[in-house]
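The structure appears below as structure tokens.
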Amino acid sequence: MNETWIALKELGENRMAAVGIVIIVFLVFVAFFAPFFSPHDPLEQNLEKRLLASNGEYPFGTDELGRCIFSRVMYGTRISLEIGVVVVGITALIGTILGVISGYYGGIVDEIIMRAVDVVLAFPGIILALVIAGLLGPGLFNVILALAVTHWPAYTRLVRGMTLSVKEKEFVEAARALRASNFYIMRRHILPNCINPVIVLATLGIAHTIIFAAALSFLGLGIQPPTPEWGSMLKAGIPYLRTAPFLTFFPGIMIMITVLAFNFLGDGLRDTLDPRAKEMIMMKK
Amino acid sequence: MTKVKVEVENLKKYFYSGIFRKKVIKAVDGVSFEIKEGKTLGLVGESGCGKTTVGRTILRLIEPTEGKMLFDGEDITSLNGSKLKKLGREMQIIFQNPEASLNPRMKIYDSIAEPLRIHKICNKNEEKEVIFELIETVNLNEELLFRYPHELSGGQIQRVAIARILSLNPKFIVADEPTSMLDVSVQAQILNLLKDLQKKYAISYLFISHDLEVVEWMSDEIAIMRKGKIVEWK
Amino acid sequence: MLKYILKRLLLVFVVVLGVTVVTFSAMHLAPGDPAEMIAVARYGEDLTQEEIEWVRATEGLDAPVYIQYLGWLEHVLRLDLGKSLITYEDVLGEILTRIPATLVLAISSLILSLLIALPAGIISAIRKNTIVDNACMTGALLGVSMPNFWLGLLLIWLFALSLGLLPSFGYGSIKHLILPTITLGPSMSAITTRPTRSSMLDVLNQDYIVTAKAKGLDERTILLKHALKNAMLPVITFVGLQLGFLLGGAVIVETIFAWPGIGRLLVDSIYARDFALIQGCVLFIAVIFALANLAVDVLYAYLDPRIRYEKK
Amino acid sequence: MTLLRIEDLRVYFNARGRIVKANDGVDLEIEETEILGLIGETGCGKSILGRAIMGLLSENVEIGGRIIYKGENLLELCEARMRQIRGKEIGMMLQNPSTSLNPVLTVGEQIAEVYRYHEGVGKEEAKKKAADMLKLVGMDPKRMDEYPHQFSGGMKQRVMIAIGLALNPRILIADEPTTGLDSSMKKQILDLMSGLIKSRDVSMLLITHDLEVAKGVCNRIAVMYAGELLEIAPAEKLLSEPKHPYTQDLLDSLPRMGLNPIPGESPSLSSPPAGCRFHPRCRCRSDKCSEKHPDMIGIEAETYVRCFLYKNDKSKG
């Protein structure tokens, strides 16, 4: 049987991962078909119907400007998933490449890359993102940029560490004895042996990024109203916390479910992809 | 008279450490020897005596601090570029640890095909034929070709390692403790295989081991190393 | 050991320098004319070009960026972080008055998180693959997935607005501390639980635990004496790294609960685009974070005999 | 006198859906004051046997058969009773001294705690006894406050010996005590162990893959292959006139005997061949070997072999 197939099967048997996958598929579906299924235009205001509780017309009620919370929450899925996937895509790619280069070549290249990593990691991630996003001004692009700047070092650090250990393995030395080029060795030998933990980290990274992005918007430094975004919806709901708590309830639970789904999946991947976990422990602990 | 295949003159390899690079470890400290065509030089010593460094240096996997290395009379001490790549077809190495000597994420077939692909020795169609021939030479079952290394035993992996470098038709092989992690019954298989190949293809070996008995059985000449120097010839 | 600490301090210096360069560049890459923004913040929208130019000249904003940076750095080395561009308050003084509030919140949250995470992690490792373990791990995942800004709002809604038990914002008494701590502590504990568990599992699979069993020692001695200390070593480093999470979380929690700490100061200064204050906060947070991590590493080195007795 | 008797020991566990039969019907006795060598190649189940005696296999492992020590079946004992036996009655040294000593405790403490725990003596008393033990294994007792990483491999192995023998157990199980040591150090450690064991009337089960190690020290040797024993005989006899074809071939594959290989590979413990487990590699096989599983039979005094080439001699055995 094929290795990938076995891994996928094991993943499916992992209950949490399966739940995660189902939720993620559902969310992607929602994001994709939001225009078809949302009962209202998420931007459509109706001041006569403001702050209504859940009813037949508005399943999750209406906000302070009479917009349909259900529709806004649906559209919010789009922006959160988009930020998560784009940021992780960019950072995982750049971070991994830098990590392989840093670990493989060592010396001055390593020194420069790792000092850059230190600088970024010397600072609590969310605060750096906050400062960057705050200074550059609100907007989708700036949020993505701020999160990308703060997220790449995680991959670089991880991959560098793995590269250092894989590099010492004899099969890499064998490839050098075969006079394979450095690029070949990195691509064929180092990278494939680092990729599993990167996949795990990237999955968990999507979860992380979605929370960060929502936090930025919550603080008013990310996506701005009237764009339907969960973090900024939460912020807008604060003044009505006493009278209309559902304004903050629905976006909050959406963030949590989304993040939880990616965390479930990442956790399941960690169990299936991590060879150490696979090893059967037969001696008594 | 058989001709000299490999010649090493006053080889030195120092490792420097510490903040000011002042700490010196003399891993290899003036080693000279020659290996004739189709013959085996055994290199014996306890762990940390520098025998492994000698093997790596000859293959130019480590750059020597001082000294000269000749292959077929040609100075290879500072060869580079395409000439060094070509040298890769002539000189090869077999490692100690079977678990680490094959890429765990590559199928056995691809591991064996790798040298052929790197050196562009044959096209895709011929490749298959060559590989099947190779595994027959080292006495491996075809079924194993489409498995991953962790599904093989140590002895089988060592055969794969031998098969893959044989595709290059090397004339000199450094065997760095090739059986020290294998069971005795399997050790004998591998050592016999190495000897058969030597007869068949006139390969010269530098056979590195800590086990004097094994070296005595394998080698035409034996050098004993201690603290970076050859202290005794047998 | 001393050499190690000195080396690390040097690194802290380099890194803090790097962080300030990044923020300084971000400020100047930011769209808009800084002089105009400051002038608007100070005097309102109705401005003449002369007034803006006057601000530019008095604040030294007409010099090239690197001159501005070097000038700032020179003042920093004399422990002068400058004055707020908007309120003219002394930046250092302003920060120092905010630090205690942040420390109180951070320490109480850290204690709460460790009180939850360590027992949970250790118990789930010992009772691996039981209901207890699954419950702890699911709880941890839930905790990690819970945005703390939302949790904060839920807590305010429940305990302050609905039940009226606790104040929803402010600073001063233990009561004020409870909700912010419950917002921050458990989510941090959720992050620490898993590494604690895996570290403990790792240790329990080591040969020396088997040796301890072969000696005939009982479960309790093996766990408390042989396993725990080994398992806690990596957790210490991890907690050090999580201090960043704590500071980051503080920014959000302080904003929600109107807690007068440095995090809220930073957010407010970003809103106001008060560059001097932003730069000061960034510098301070970076230094605190770096020193805390250094302290953690020294503690680690001290507790681990393999490092303590390395040079002999 | 038999000190410990293993009867029909079966250790099975589940590895990714396959049943691995690590020990499959092992019968073995350890006599008083003897050194019994258990020889076998990688993955034949010899270490599992050692751990099974100590009750150190995890719960998901299925264990059958009996291990009788002083009239008690160790496999049926409660954990509390088993703890009294571990260390005090049966000591154990694990394979790798670098990983088998706790890195954050001083070596003195790791010896002393045995006395405190089993004999209930005070801190000072235990420390003194630990110092004596260190002296006994040829180490400077002044170093007892140092940590394991400050010692060399051979020294750490000495500490392991001190721990294993601290309470003067009746049996010491030593699992590959010389792996990772250079040949000169190997000899020192073996001499030290066998000397101490003889002078203290302790029996030892020496588990090793190295025939050379077993040769110098063992009184009797048992040969294990694919989860079962193939031959048990007095050491001299086994090495000079091996009976089982596997034992013969194993000896022949040693360098000094001409490095004659045994063809093929050891079978996996989850799918051993039918009949005699060695038959696919055996040069003496007949049709019967692939069909029927041979029993262990006594053929001469103290010599047992599991092979159809031999006939049971009931008068002896």
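Each chain gets a letter, A, B, C and D, in the order it is written, and its residues are counted from 1.
Everything below uses one rule, namely that a residue touches a chain if its C-beta (ideal position, glycine included) is under 8 Å from a C-beta of that chain, and two chains touch if they have at least 3 such contacts.
Quick caveat, the model's predicted, so the values are computed rather than measured.
Shared contact partners of chain A and chain D, listed by label: B, C.
Two chain pairs are in question, A-C and C-D; the one with more C-beta pairs in contact is A-C. The chain occupying the central position, as judged from C-alpha centroids, is A.
Chain A and chain C have Cα centroids lying 21 Å from one another. Separating the centre of chain C from that of chain D, both taken as means of CA atoms, is a distance of 53 Å. With centres defined as mean CA coordinates, chain D is found 35 Å away from chain B. Shared interface positions of chain C, i.e. residues touching 2 or more other chains, are given as 210, 213. Residue positions of chain B touching 2 or more other chains: none. Within chain D, the positions touching two or more other chains are listed as 51, 56.
Chain contact summary for the complex, chain C toward chain A: residues 11-12, 14-16, 18-19, 22-23, 26-27, 29-32, 137-138, 141-142, 144-147, 149-150, 153-154, 156-157, 161, 201, 204-205, 209-210, 213, 244-249, 251-252, 255, 263, 266-267, 270-271, 273, 278, 282, 285-286, 289-290.
Across the complex, chain B meets chain D through its residues 46-47, 153-156, 183-189, 191-192, 210-211, 213-214, 216-217. Against chain A, in their complex, chain B makes its touches with residues 56, 59, 61, 84-85, 87-88, 91-93, 95-97, 100-106, 114-115, 118-119, 148, 161, 165, 168.
Those residues of chain A lying in contact with chain B across their complex are 3, 169-171, 173-180, 184, 188-189, 192-193.
Across the complex, chain D is touched by residues 206-208, 210-218, 221, 225-226, 229-230, 233, 303-306, 309, 312 of chain C.
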